[in-house]
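Chain naming follows the written order as A, B, C and D, and within any one chain the residues start at number 1.
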């Protein structure tokens, strides 16, 4: 990988573009450098194996104010540029189907939730690189029309750990990162310093770019085309810290991808190489405000995916407790 | 309501049947006695307003071992006597729809989740008694084909509070309560004494009947016909204690209902009168084992429903932390 | 209703706009003039009662070439301005779920098919005017969350009758009618003369505006905003002819609606007043070409809705046989 | 294949069991004998290429009474032994979502329609034998999570042809064939004689076993376990006659399968070898009555599958016109 200062003119001004460009060969070396295949048992909990009962105890003990902040976007049934496969919500009883008393009101929900419209967790079977899921499992052998036999969300269970908010707009004194802005290792360490928090073993790292605020003010856009997120050059730092989970108000990847021939390189590194599930499409606005008010960017984070056997992830409503 | 000792022969032996029978007039008096309409702002969070930041702090501070126990049943796509509206799980990408690299694996999930097959939360708009939702809102005015404008799950948000497990089979030294066995106020207080825990303001009370163990050993049955759960005579005690949430491995109601003309009387009292959401169809087997091992029947409970605007509830995977 | 020549400047040049404007009072008089409530048994087959076995025999006997033309759009799973609630198509077996041999390939389809994206039939319970369905049935009494007890698609069954194509672009020597262009009674009679066909009792009248061709050449637009279709002043003529079915490559209504306070006046007249089901979103391009080649604008039409008890309509693939 | 008289005692009395047993080697020889790979262009319309405009003309001209009989079962949303994946039907507008006037009533339908509960058409991509679809296409190459690129229902279009009802109970003077009863070539020719009809090139052959009547009188059972249908020894006759479509009130296969290691041998022969789509789960009761009354077992048949690109079939409501 070329150094950041080598950013070609035209890929954006230094620090605001998605570069530097990364060749496929560089990417593959990076993939090998961060991968943890063979390290964990059970393998399909991946990096969540890092979160021991000790981590859980410390994370719960670190609660201060008791303020609870949910991180999910509203279930979105309207299609749009960031909601290509709109979620379903159908009322199935309006007090007139099941006999009263009492009368009952029921609904059906459904979603093809991967994408940009639904807050969700990616399980380890969601991503394969060069045909292999995390731990080197051949995707073609273990995922079929009935679901995944390795790396399913049902194998993950819930996560209770310390969360850290990397609130880049707060650090930079701006309203949001523009779509396409890459977040680099230096941004992470600068944020740690500015926010008074250090990412450590077993942590859930949530990257706020201000996506939801920008959408509220300027309207929706297609995050597949342009989105703020991590450049792959930030991944070795996060890997070295032993993170358990990455999340964000985007999907962790800067887009357009700076990596030749790889549309979602952070997905490939985190999920397939490191066994780190991802939380996509969070609403981090209220958490940003609460953290600023508390002057504290760490909190208890609870992520409780639905237990879908063979599932590739789950819609979730992660909960931060400050 | 007649006294418990008045159990008519034929409704089962004392303590093991669903009685005593309750007349509609008695039920209505009970409804009025426990209702808290007009008490909370915002009204559609109902009894969750009882859970203050102080409760949250105390609940998190009470974590001891850091053992995390998820409470959801597996997402069940097979119909059966306790799964009349089977959930959907469809793979929508098997690495061959979105272009690699990386290749992606995706799925669709869907469920008409009220019923007996899916672990879920009932929001306040789920139940109306005599045409009124909690807080006296006329159901016909506020619930329509687009969802609920009062009492929706999106108005609840997540719950973080102390959970208490009323593990009746553990108290009674049996494997499970037989379907149709009512749990009375005296059973609750006896369980408190035996388990060394006292239900208090803002608590989430989880009633274990051993349903999931019985199902595993004897096979599925129709819980609409016979199910262990609270008799309405236990509700004043729970109301007096100021509970925020009731849950169980059934759906909280003993069935058949002992109340004349009311199929789900505990639903009516909890949800519509008291503003207490319900957690239905929990798997409490692992929590029972963990609590027994810890010798402690209280824990941090986190319930994080999906944020469905207008939704009547949500599939959830509640998390206990001991 | 004011005469057509009274078209206000600004609503478009004569013959090309959606006018003349129609007051609510005029519309209500028109509704009463064309309604056939109380006329048919069974009432919920409405105007399909006009199609007797004699009509069926004549329609089949009139087949000449044996050329078969399907009229459905492709099932559209991509959202767009004319596909707000995209249809679902999920593969559920890829030869790996059910045991071989043989191996089986299966799929799930789903659609909230009313709208502009799916070719579908509107049953009589789809539309109520002033609270009443066809035959004066109060909609609130007969339609609920479990479906319709009057006017359901399951009560219609299939339709086999003579179809007539009113191919307006062919008549006018243009590629398509611009969205917003109203089709009047005079257009219908002019088309009859030009195409050598006369609409009669029990006929299915299909109006081609060239919508599908325009969409192919210029891209999709929102037909809810602008669409070519019948002005209400064409309805008395069609009612007088005793049509059984109206259909088109739009949804029969010109949009914007020329009627004060009524967004879909032809729907209200046809479905609710006359008991005439509608076929929306047809692809009439191949039929136009086949009819032109044959020099004949009548054909056997078969519409076979799915038998959904209580359903408000059905996705269909109507078949024309020339 | 051993002769029918060699039926082992225990597999049922001659003519009433599912035998004779067929070895895999015999089956493979039969597969090769009837296959028509390489014969048709376009290949993925398979045997529907046999139905020329001449056939269509003759079929329509043969209509006598004009009696129209739909052949679909009701859309079934209740799970049961013959409805493992219940269909969905959700009301999505009850006059309160889209603004009046008029008020609109809408619904969502969905189904994983292959199985025993939904009347449907099997397209050519539905079945692969030894990894190959019709015309020898490797299933793994042409079917994926996005659907089928060969043999999809969208490639079939509608079928308009002569239908022939093989009404076995009418021929045999019984109410129904017992589940597990095989229908042999001799039964077909006997039925032709008794019913005065001869199956020919391009015909749709509908086999009535009386399944729907039996279900109405005795209740539902699992047709995967026991079902009346064709024995593979009837297939060469049907192949020789050049049929275009096979259908029935079961799924054409006698079950249990008489063929070693092949669960659906008639599916394999018809769909994969001969390119003959299948119509499963028809309701043939009304057609039986109408044919008996008319004294005529041939009719116009119209099958109009939804145009699902890549789809493996479609729910349908086939229409017979006598």
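Note that in this section contacts are C-beta pairs under 8 Å (C-beta built on N, C-alpha and C of every residue); 3 or more make two chains touch, one makes a residue touch a chain.
What you see is a predicted model; the values in this text were computed from it and never measured.
Counting C-beta pairs in contact across B-C and across C-D shows that the higher total falls to C-D.
The distance from the centre of subunit B to the centre of subunit C, each centre being the mean of the chain's C-alpha atoms, comes to 48 Å.
With centres defined as mean CA coordinates, subunit D is found 30 Å away from subunit C. Subunit D has residues 88, 91-95, 108, 144-146 in contact with two or more other chains.
Viewed as a contact network, the protein chains are fully connected, with every chain touching every other.
Remark: subunit C residues 88, 90-92, 94, 108, 145 touch subunit B in the complex.
The touching residues of subunit A, counted against subunit C in their complex, run 78-79, 83-86, 90-97, 112, 144-146.
Of all residues in subunit C, those touching subunit D in their complex are 52-57, 60-61, 63-68, 70, 72-75, 88-89, 91-95, 99-114, 119, 125-131, 139-140, 143-148, 154, 157-158, 160, 261-264, 267-268, 272, 300, 302, 304-319, 321.
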